[in-house]
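Same chain, two partners: subunit A is paired with subunit B first, then with subunit C.
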Partner chain A sequence: MFVFIVRRVLNLIPTFLLATFLAWFVIEIAPGDFASQFAFDQVDPNKAQRIREVLGLNQPWPIRYLYWLRNLVTNFDLGTSMVSKGDVTTLIYPRMVNSFWLLLPATVLTFLIAIPIGVYSAVRKYSIGDRVLTVFSLIGLAVPNFFLALLVLAFAVYFYQSNGWFLIPTGGMTSSNYSQLSLWQQVLDRGWHLIAPLLVVTLSSLATTSRIMRGEMLEVMGQDYIRTAKAKGLSENVVTYKHAFRNAVVVIIATIGGLLPGLISGAGTVEFVMRWPGITPLFISSIFAQDVYVVMALLTVLTLFLMIGNLLSDLALALVDPRIRY
Partner chain B sequence: MKRFILGIAALALVAAGFAQPYQWPEAYAPTAVQGGTVSEDLFGDFTTLNPVLISSAQENAVISMTAGPGLVYRDWLGNRSFQREDGSYNMYWAESIEEVRPNQEFVVTVRQGWKWSDGVEMTADDAIAARTIIGDPDVQSNSYSCGYVDADPVVYEKIDTYTYRITLPRPVTNALAVKDCGTLPAHVFMPVYEQSGAEGIRAMWGVDTPPSEMVFGGPYMISEFRQGERIVLTKNPMYGEFVQAADGSPLPGPDQWVVTFSQDQNAILSRLVTGQSDFYWPTTVDQLRAITDAINSGAIGGQLHANLGPSGSVDFITYNFNKLDQCKRDMFRNPVFRQAISIMIDRDALVQGAVGGLGFPAKDWNSEAAAPFDAPHLEPFEFDPERGVEMLASIGFSEAGPDGVLRNPQTGCRVEFDLQFNSGNNRRAQLAVIISQTLADYGVQVNPREVSSEIWTDSIVGTAEGFDPAAGRAVDYDAQIWGLAGGDIDNPHFQNGLMLGTNLNAWNKSRDDFASWELLMDRLTAAMVTEVDLEKRIELYNERATLMRDNLPITPLISTAFHFYHDLGNVWPLEFLDANSIESPYRPGNFRENLTINAN
Partner chain C sequence: MATQTPQTQTGAAPSRRARAARAERQGASLSTIAWKQFRQHPLARGALLILGILYTAAAFADFLAPYPERYINTNNTFQPPTQVHFRDEDGRWSRPYIYPMKKSLDLQTFQTVWEVDTSQKYYLKFFVRREGIRDRYVPFPVSLIPLKLRQTWDIRPTATLHLFGVDDPTDRVKVHLWGTDDLGGDVFGKVLFGARISLTIGILASLVAIAIGMLMGGLAGFYGGWLDELILRLVEAIDAIPSLFLLLTLSAVFYPLGLPSSVVFPLIVVVLSLIGWGGVARTIRAQVLSLKERDFAVAAKAAGASNWRIIRAHLLPQTLSYVIVVMSLAIPGFILTEAVLSFFGLGIQPPATSWGLMLNTAQSFVGVSGLGDRWWIFIPGIFIFVSVLTWNLLGDGLRDAFDPRSRR
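Then we have the complex of A and B:
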């Protein structure tokens, strides 16, 4: 096991270099650069050219990539944002933490709800309950989460306009008087603001996980050893949860590697519509502004998390699947 | 001893005299709004709190309320200039300004007793610190150009603690307004700059810096900042000690200002219609309807002013005079062709079709929001497509081809061109489609083309230097819809757009091959840049507008309408509202005595 881990860690180095190089390359092949947006400056017509010179954007991109990589490797320096002129880490860290506080409970909640739904649908295949849940899942898959977020927002507005008080807030992570609240009130305030985006993110991802779980359970339930277990006279619960479930859930565990970067990569358009101060809006605005160091910082962190997540996922699989040995 | 005590007493009296608070001129007085909290939603987010580095309009609007004072201030509702018509300035931090050479050399004496929020007095050192730091290109300040006229530096020299000299390399209109780099707390910024240079300045006052570590010079201080969520400003008590309202009472304004960040217009609207923010600029019919419904249902209680007038930006068409294809190049360069196309465009239909009636036909590249620079003498454009067909016939496009498109029987050239617009701009897409459909009935084929922002930008600014007619432009486009916002409202000379071959001159990049009217336009623009007298600048503007109307290098289309909602009582009376008048109700200088009297 130790040798396996060391080997995997060493493999991460070329993977990481290749991933960052490709990311940089893709960013560079987009037309224009950060300075292009200043081409229309009426007061300072030379601004774009001056910025290009000061930021070294006139240099070939491979050279700039090597400078960036050197600073990253030698100083753990992710660079300086071209927009804010400040440290990139300072900019992205709190936003990643905000995304994490939305996505962690959403992920946990998704698994807590989706796995039992998947198992139920598989065990009671084609029952009314299964059909209802299937329709529910398909709706969840079909409705984009930004639209779901808009519906929730519209409900929050409608409720306020009808009753004069807020059942759920119209977005945001904290109330405007947050800093004046006591610690306990701050916790409650955050929880209250979490309800709507948590609902949207969970509903959106519920469908996929529950359908995967249902499919895996159905496949496992058709295996010979399940029939053998039933023939031995084991109870339905033991067959389902001890034999079938343990094997079916392996697929879900295999996806945990991909979840780790997912916890900090932002909740996408939900963060826009529900004003959740996560990483997505910064990521998108940085792409539009061609703030290459912010974009690269995010991609680098996500690449690292993905690689670490995959490693952990492999190790977790070995724990639950006795057939896997390293 | 007695003489010594008297001397001390006299000095104390002089010092007390110096410390008298500055009072706004008689015309300015407190409005009805005093105290409380005002909430506003801004689209976007802040990436820095450093006044040297702020870049977006949103950051500028909020952080500037906390930054140190300027020498002069701009009227909000008056002549919109730092300078009055008699040539005198609206003094702010400046006690006196001696104009040694008009619009070029000034000796400025600043007021004594003005203090930063940490109690340190503001002096000439603070102005010189701002010029030094902002003017360093490595700092990468967006205000960099305040320290230069073209590439030549504006020189600041300290004369004594409260006096300094500003010397421009040559006269510039509104010099003190556009070349005043403002103030920075020298006691905070200069030690960092001297020790760590530009890098040290860039590392200052980032989004993770506690507001308690910052120093403020404006009417407000940052009291809370949460990344991606909000910034909260509270009154700067130190400011209130040296600036008061005309009657000696404290300056008006809320005790607290909560600015919430949003990245989505629906999110902003949802907060507004639930009474969580106090003002808003709707842009669509749906937004106006949602606000109207909220008012009617009693959910919110403010005032909605729809269709107040045109916004500051005009959509217009330019043609590529440097087109490689000779047929099109000759066509685009012919003023009769441009006049013909213009008269065949139904601008009322554009307003109805592209912006749902919430707009105004344009008659100049500036809208009426830029008054007095809005060419009031120009008549609205006519819509007479039959006349347009006659005009096209007069320049050779006299017969319709088998496809119905007008063509020149001698040359075979057809009246067809691509009309491009930037991707994602639905309004311009609609404009292009309506123009295409209207002109198709009269034998003119216009092909709407959606292009990426990069191609669209390069079509305008590409090939700004070293134009080679044989190689053509960076993008060999036909015609393009675009527009401009911002610029200098005191003098919209548009130097880098209307002069020969400049970067924003989208029609002709050549500095050798141009028509006589282009040269005249260049000369008039150059004259506007340096003309100090407002009336003469307006005359120059109007003369140039007539020239532009005759030759149409820019074919104006429409302006979107300007709407405004607020729930702040009598701060903004209807008769004073237009797109350029609304900045901040609480910025010093934004108070006029008759506001409360005339409010309705």
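Then we have the complex of A and C:
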């Protein structure tokens, strides 16, 4: 097991290097750079050139990638934002925390709802309940989540216009008077703002997850040992929950890592629409400003996050499933 | 596939009975079985019908839309949908007619209020010819030829026929079935024009993605060794970056150039396919790995066929049914991704339009206060939903049709 973990972790290193190199390459082939916006400065025609020199943008991009990599590896330095002139790490840290507070409850809620739904539809295959849930998941797969978020916002506004008070807020993470509230009011305020984005993110990731759970459960229930268990005279409940469910859930655990990218991307669009101050709005504004280090830092951190997520679910699978031995 | 056998290619199309008899002699081909299975799938058949309608509407958008694609009218922003009346004041059936809409400012709330002006009826005319320079268009099959080629070949057919218009000689009364957007553009027409981009981008992107995936997967599986290792690592690295963020970074490559929409469209196709080919490459690689050890591949090698010929003529055609299914299931994903990209303002750029871009209007121009009562700007979202849903259903139907395990 130890050897497996070590080999798996070592395997991440070339992937990580290639991924960051690719990301850097893609950023660099974009025409112009941060200094381009000063190219037509009336007062100082050389301004763009001087800024390039100060920021080191006049060096070839592979060299700058190596510098960036060295700083990252030696002292976890992700560089300095060209727009805000601040340290990138201190810039993105609060954003990541905000995103985390949306992503974590959404993931937990998704699995809490999706697993029972999947088990139900698998056990009652082709019943009316299963068919209704199938229709819902087809709909859920087809609704773009930014559209759903827009609809929820529209509903919030409509509700306010017809009733004079807000049932759910129209975006943001806190109210404008947040700093004057007492601690528990602050907690309530945050929870109130979390409702709408959490709802949208969960609903849009529910369809996929419950379908996977249903498929896994059906797969397991078709196995020979389930027939054996039934033939032994075990009750339907024992067979379903002790034999089938446990084995199906194992696979679901392994897919959490694989579902994370979809969740992050899905939550990203919702953050953008509902003005949740997470990483995606920052990412988009940095893309438009060609703030290379912020873009790069976010890509790096997210890539690391995904890779670790995949690693953990692989390890969890290896721990739970006795057939996997390395 | 039946269509590739030499018998069916020779001469005129054989009669249905002759074809059936031949199929019986030869044993049914894969495509015959698949088609038979597919026809038993009511949802997939319905989906095919709806998609057919959507694509036809997109093809003839110039004819169906009352106003040209770039029509704007800044005096007429966010006008609510025009109601078409079919009964006159006495409740009798009449030719369809509309009442013009007038806007005024509510001096208490300073909001624009739209009112229906019932003083005069305007009848709708069908199959009208609008001769204005902007109302002319290039009819459908010709419009697929790129503009440059049309100019060099000197093909300039123009059409002036529109499905409907207002019977108003002064041309001041407009009919907006689904209201107008932030620039006074006709939402109904724009949905049709936007369908061209939104619906074709998915097909093109999945074609390119599958072409790249088949090439890379075929090479990796056939040659193995360092090439295999390299391609697998590349796929892994692309997979490691969250797709939304990679996509946004990639589209930022061409965003600053301010390119015309005729260039942006193929670029988006490339961007979408660049992030989508990995999964195809992996599966094709695995299939080629097992296929190349089969007898027919070994026989071809013994007969002296070149490597390229073995890959192209013997291995890749074997993966065809998989590719058809993957393609039909990839298209809705690409439609959604294009919508997200355009919604973020990094995809299709105005004056071209797509459904995602139209929803961007809902996000950025309307502001939160206008969201509550301007419901018609959400109509493009319903079209994204319907097209993704129907493509998914069609893909499910095709998968069931081609998968021997799920045959009924």
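Definition applied: the second predicted complex is superposed on the first by the 303 of 326 C-alpha atoms of A that agree within 3 Å, B and C clash if a C-alpha of one lies under 4 Å from a C-alpha of the other, contacts with A are read in each partner's own complex, and residues count from 1 in each chain.
By our rule, a residue touches a chain if its C-beta (ideal position, glycine included) is under 8 Å from a C-beta of that chain, and two chains touch if they have at least 3 such contacts.
No experiment lies behind these values; they were computed from the predicted model shown.
After alignment on the shared subunit A, the placement of subunit B and subunit C results in a clash.
In the superposed pair of complexes, A:Leu150 makes contact with subunit B and with subunit C alike. By the touch criterion defined above, A:Gly171 reaches both subunit B and subunit C. In the superposition on chain A, A:Val273 makes contact with both subunit B and subunit C. In the superposition on chain A, A:Pro94 makes contact with subunit B only, while subunit C stays out of contact range. Shared-chain residue A:Leu141: touches subunit C; no touch with subunit B. In the superposition on chain A, A:Ala122 makes contact with neither subunit B nor subunit C. In the superposition on chain A, A:Leu22 contacts subunit C only, with no contact to subunit B.
Applying the stated contact rule after C-alpha superposition, one finds that A:Leu282 touches subunit B and leaves subunit C untouched. Looking at the shared chain after the overlay, A:Leu78 reaches neither subunit B nor subunit C. The superposed model built on chain A shows that, among 171-179, 279-287 or 459-467, the segment of subunit B colliding with subunit C is 279-287. Across the two superposed structures, the residue set of subunit A contacted by subunit B and also by subunit C is 30-32, 36, 150, 153-154, 157, 160-161, 170-171, 272-273.
Subunit A meets subunit B in the complex at residues 30-32, 36, 39-40, 42-47, 50-51, 54-55, 80-81, 83-87, 90-91, 94-95, 98, 150, 153-154, 156-157, 160-161, 166, 170-174, 176, 178-179, 271-275, 277-278, 281-282, 285.
Subunit A makes touch with subunit C in their complex at residues 14-16, 18-19, 22-23, 26-27, 29-32, 36, 138-139, 141-144, 146-147, 150-151, 153-154, 157-158, 160-161, 170-171, 261, 264-265, 268-269, 272-273, 280, 283-284, 287-288, 290, 295, 298-299, 302-303, 306-307.
Those residues of subunit C lying in contact with subunit A across their complex are 233-234, 236-238, 240-246, 248-250, 252-257, 332, 336, 339-340, 343-344, 346, 359, 362-363, 368-369, 371-373, 375, 378, 381, 384-386, 388-389, 392-393. By the touch rule above, subunit B contacts subunit A in their complex via residues 39, 44-45, 47-48, 50, 53, 55, 137-138, 140, 144-145, 151, 178, 202-203, 206-208, 224, 226-230, 232, 258, 260-264, 266-267, 270-271, 273-274, 276, 294, 297, 299, 452-455, 457-458, 460-461, 484, 486-488, 494-497, 502-504.
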